[in-house]
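For reference, chains read A, B and C in written order, and residue numbers begin at 1 within each chain.
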Amino acid sequence: MVSENENPETKSASLPMMLILVLTAGGLGVMAVSGVIAAFVITGWLGQPVPVLGFQQTFDQPIDFPHTIHASTKQLKHVAADGQTMEGLGLDCTFCHRTVTTQANAGIPPVGFCATCHEVIGSADNNEINILRDAAGIIGDDGKEPIDWRRVHRLPDHVRFVHEPHIRYLTQNLSEVKGTTDGVTTGPSAVCSTCHGNVAAMEQVEQVEALKMGQCVDCHRDNGAPTDCAACHH
Amino acid sequence: MKLNRREFLALTGKTAAGAVIFAACGLPERELIVQSPVDMPEDLVRGEDAWYATSMGDFTNGDGVLVRVMEGRAKKIEGNPDHPVNRGKSTARYDSVLQLLYHPDRIQEPMLRYSKNGNLVNTTWDEADNRFRSALANADGAITVVTNPIRGHLGNVATKFADQYNGKHLTFDPMEQGVLHGAVKSVLGQEQLPTFDISHAHTVLSFGADWLGTWGSPAQFGVKYGEFRSQSHRGYLIHAEPRMSLTAAAADLWLAPKPGTEGDLALGIASIIINEGLATQENISTFNTILPDGLDRYSVAQVSDRTGISGDRIEKAARHFANHTPAVAFGGGSAGAHTNGSFNLEAIYALNILVDAIDTSGGVTPNPKSAIEELPSSSTGEPFESWEAELAQWRAGNVETVIIRGTDIVHGMPNSVGVREALQNVPNVIVFGTVHDDTMDFADLILPEKTVLEAWGTEIPEPGPGYQVVGTQQPVVGPTVSHDESGLTSNARGFGDSLLQMSDGSYGSSMEQLVKNGLADLHAAGRGSISASSSSLFTNGALQRGGWWDTGTRGTTDLGKIRSTERNAYYSDTGTLGTGNDFHLVPFHSNSLLDGRLAAAPWAQSTPDPITSASWSTWAEINSQEAQSLGIKEGDVLLIRSTSGEIEALAYPHPGVRPGVIGVPVGQGHHRNGRWAEDRGSNVLSILTGQKDSHTGALAWAATQVRVQRAGRRVKVPKFEGNVEARPVEPGVPVLVVAINETAEHAQKENHHIYQKQFIGKDEQDKQHE
Amino acid sequence: MTTENFGNNNWGMVVDVDKCIGCNACVLACQAENNIPLNTQDRVERARSISWIRVERYWEGDFPDAKARFIPIMCQHCENAPCEPVCPVYATYHNAEGMNVQVYNRCVGTRYCANGCPYIVRFFNFWEPVWPESLRNHLNPDVTIRSRGIMEKCSFCVHRIRRETRKARSEGREVIDGTIQTACSSACPTSALNFGNFNDPNSKVSKMKKDKRHYTLLDQFATDPNVIYLAKIDADKKVAAKHD
């Protein structure tokens, strides 16, 4: 049998070892806990609805499509091919987004619709318009193919938004409209700016309103629209 | 430091870990795409749905449906309210077709096998067409086109194609109804099946046919059943079937005859009606003229002895049937699937004479011939006898090319006929299909086929509503979605279009053209539901409504005879099958999979069976008392053995089966058929023995006797029952039942009274009264 | 809460048990309409399958007098719903149209409501719902896909109600009785399931509700459901003499 006092060095030497062990274990523990907390915070923050898209964001589209040239009613910064200054075409929003007044989505025009004008309009060496002509099967030999536009205004999956009643109400109550689409005062185009900002002045479309639920509910309250959850969430 | 979310994102984005988390939390790229298709105007991306009317021939006996389509994708299939057959209503099968359309294992490219034992390799349509043509080149007089029973233009094209090469067009239906068609023809003198005016009948007497579940035209009959129950004089339903089907469960009086004695039961009922003078003299003498040899064998005692049903139940059924008219009698399904099947069904249909139910309100309504002359208005599987002869030809190497579409013959035929080796002796086996099935294991060329939602066609519903109907089928979605992210591509081709292409357009350039020509002929006839100034307007009208019909047309009947003389049913032998107990095997169509056509769809797999609530498996229904005496418990794996083979099934004892009978659903047991169906459950069709109806040569699929043995394992039956706790209205009263003219309130009080007596006990009750 | 824009509606259902044949057409229609996750064999075996509407089958008697009775059961949309007061985050509440609403984006998954429901019609998503890429094509864009940890239940196909009421309003008319059908009632071949507005005295359901066979499930709990059942008729049942 070995007495405890027979080898005192061993004991004194084991103390810092123990300390190191305890500290290491404790340190690892703290790191693990803080790691978990950090993961929680990060995923919590990122896990919010619409983590990627949202306020003040914009995207490069397959075609560098300028809303200004098509929708603006004003003098443009844009310069035409022949060096002349350009004025916006002043198309109504509904000219392309045809279903906005009657249906859920505003509607993206089919490529063929764009091609009805752009078959002739726009010079033959305009690269952007040529992408369109290629997709519509007018030039190139790979036939027709759809264009994948990037969605800029996107609501989370658990919200159903229908354009039709909103456009209908706002066109009848123009005083509720916020912002302006290049000063248009009549028709559906006059009300789009409430949620989309002045798209007619955007070279590249950007989401200028946060489009959070608070904004929806405020407006619904002010206008006596339903605030039942199941009005939009189902 | 004030940190907003964007800056936070930017910070975390700089670290590798942050990048990983960022990617994991991001939205899938495809959700950020709005695709703008090329052509106008229906392609417009508008977030709103379009509903297209079409027909679903292969799955629903020609019911008209509306398909909800958004942005080129089919979303939902519902009944078409305009369509006269199913009148806007549905079955537990429509929507599963969506999952066949978008099945992840759908065949994308043609596939080719260079030698019989080689592997399948993907190929192009050009090469596939060459292979197809070379298979046709030497095949004159030695070609067989095999399809499911199809009507309308597709059936017509298949027949013409076979004729062009002096070959045969054979139809295959594993649960064949040829006996029914034969019986209808011999008693009522009609080629096409009649319908039944259940809506206005006061008594319905049906045998063997599960017409509320899977037999005939269930959606049509379901609508009529709703009306039958809501008449001022609530209809009374009597159903005879050895196991409890949906129809038996809905019946007011369920008779469970020994399998194969349905004809005896029918004539027993007839003899009671005649002896008790419940029918008019005129009807009795007509009945006697079509009966070859009298009713001597059919006293109540004799019939009760042979059918195993107590005499008073038979008498009750007979008296109700004769006294509460209009009444109608019909049968099919397992009643006709016996060696004496023709006799059974002919006797059943003859009962209508006694109650004057032929071609009257509340009786049998004959259907007219097809409105487009050349189109077949009736179809049924070729009798088993012919199939045996045909397979012998294949085995002998006398058939050069076999083209198979819409039916899985390797899954559907009994083991005993040796369909696999027969197929191996055919030099060119060409199979059309959407998901790899068991027959494709023997194919030399597999061609991806369009589903009913993508192809053109017409459909003559059978049984129709009592007048001429031509249902239209049109592509409701664009080309099928490919499985990569790139978008929409398709390589599938319609069966009809492929045949037309191979025949170099000698009887039409495309199915679309044939359908439009057919509609133009209808327009020229100038009658029916659509009147239009031009044939193209007429075509549009028909496509919008899902078809054309003329309520003014009627079918005719021509009273025939009960021809069949073979009255006794013979069953397969079990003498040499080893240990176990003998049972009579009654296979039945699965409510959601049918004969296995829909097995690839996970919705069809997961929809609970109505009676057992089981899903995803093959179970065997046996009588609960009998199970108890044999020591069989729910979930016991049973070995079910016939002279043709052995399968396994999970025991499910319940009180709704005749003792001595074992009911097994058809539809599972595919070796292939996509990720959800492959090697799942057992195929009861494989152990059927080759008994045939003595008159038509059709397979007597309900004439197999089996020996059943426990395998010694027990597993949990995948069933919905028990997933939620059952909460009765009152203890012991799960569903409130009232008598006719009783109020629910009265019934509830009475139940409560019974409950107090039974459960609280008399003493307790007396105390309460004090 | 303003709901005047939705009109004075009280949505409800009348289920004629006498017509129910147990065919499960409603179950499949609901599955397809509401993006319900695939009930795989594993989920069925673990008693965690989801089906907003189910057809229960009860046996009565023994052979040869055995009877199978069917009754379809879905969320009863109770006026006094036991599930509502127990939710700590107000994710389920009763709206002015007689519907018991489940707000998915509020739900935190306590499952108190499922424990409170005597009809057991609330289902919890124990797993993230997954579909193979190609099957996502048939998902209904009008219905939210519920993620893991969320309670879900029959919504009376509220998206169909919204679609139809919106259509009526944009055409400047009232909703016509019968044009709003839930997925199950539209599928039901025998018309056992009937959907409509109880506040409209001329609607089909208002008339059916007055039938002498009407009763509500588990009325001892006084939940006051908006789903009314009409009792099953048994032609052979004898009415007992009036009891004391």
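Throughout what follows, a residue touches a chain if its C-beta (ideal position, glycine included) is under 8 Å from a C-beta of that chain, and two chains touch if they have at least 3 such contacts.
Quick caveat: nothing in here was measured; it's all calculated off a predicted structure.
Novice: Could you tell me which shape the graph of touching chains takes: line, ring, star, complete or other?
Specialist: complete
Novice: Need the central chain here, defined by C-alpha centroid distance to the all-chain C-alpha centroid.
Specialist: Centroid comparison flags B as closest.
Novice: Rounded to a whole Å, what is the gap between the Cα centroids of chain A and chain B?
Specialist: Once rounded, the distance between the two centres reads 48 Å.
Novice: So the centre of each chain is just the mean of its C-alpha atoms; given that, what is the distance between chain B and chain C in Å?
Specialist: The mean C-alpha positions of chain B and chain C differ by 28 Å.
Novice: Distance between chain A and chain C based on Cα centroids, please, to the nearest Å.
Specialist: Computed from C-alpha means, the inter-chain centre distance equals 36 Å.
Novice: Multi-chain contacts only, two chains or more: what residues does chain B have there?
Specialist: Where chain B meets two or more other chains at a single residue, that happens at 47.
Novice: Residues of chain A that touch two or more other chains: which are they?
Specialist: Expected reply: 162.
Novice: Which stretch or stretches of chain B touch chain A in the complex?
Specialist: That would be residues 5, 8-9, 12, 18, 21-22, 25-27, 31-41, 43-48, 487-488 of chain B.
Novice: What part of chain A is in contact with chain C in the complex they form?
Specialist: 49, 102, 156-158, 160, 162, 164-165, 168, 224-231, 233-234
Novice: Which residues of chain C touch chain B once you look at their complex with the stated criterion?
Specialist: 16-19, 21-25, 27-29, 31-33, 38-41, 44-45, 47-49, 51, 54-59, 61-64, 66-71, 118-120, 132-135, 137-141, 183, 186-192, 212-215, 217-218, 229-240, 243
Novice: Within their complex, state which residues of chain A touch chain B.
Specialist: 39, 42-43, 45-47, 50-53, 98-99, 103-105, 107-113, 135-137, 144-151, 154, 162
Novice: Provide the residue numbers of chain C that touch chain A in the complex, in ascending order.
Specialist: So the residues of chain C touching chain A come out as 1-6, 93, 95-97, 99, 101, 103-106, 142-145, 155, 158-159, 162, 166, 169-170.
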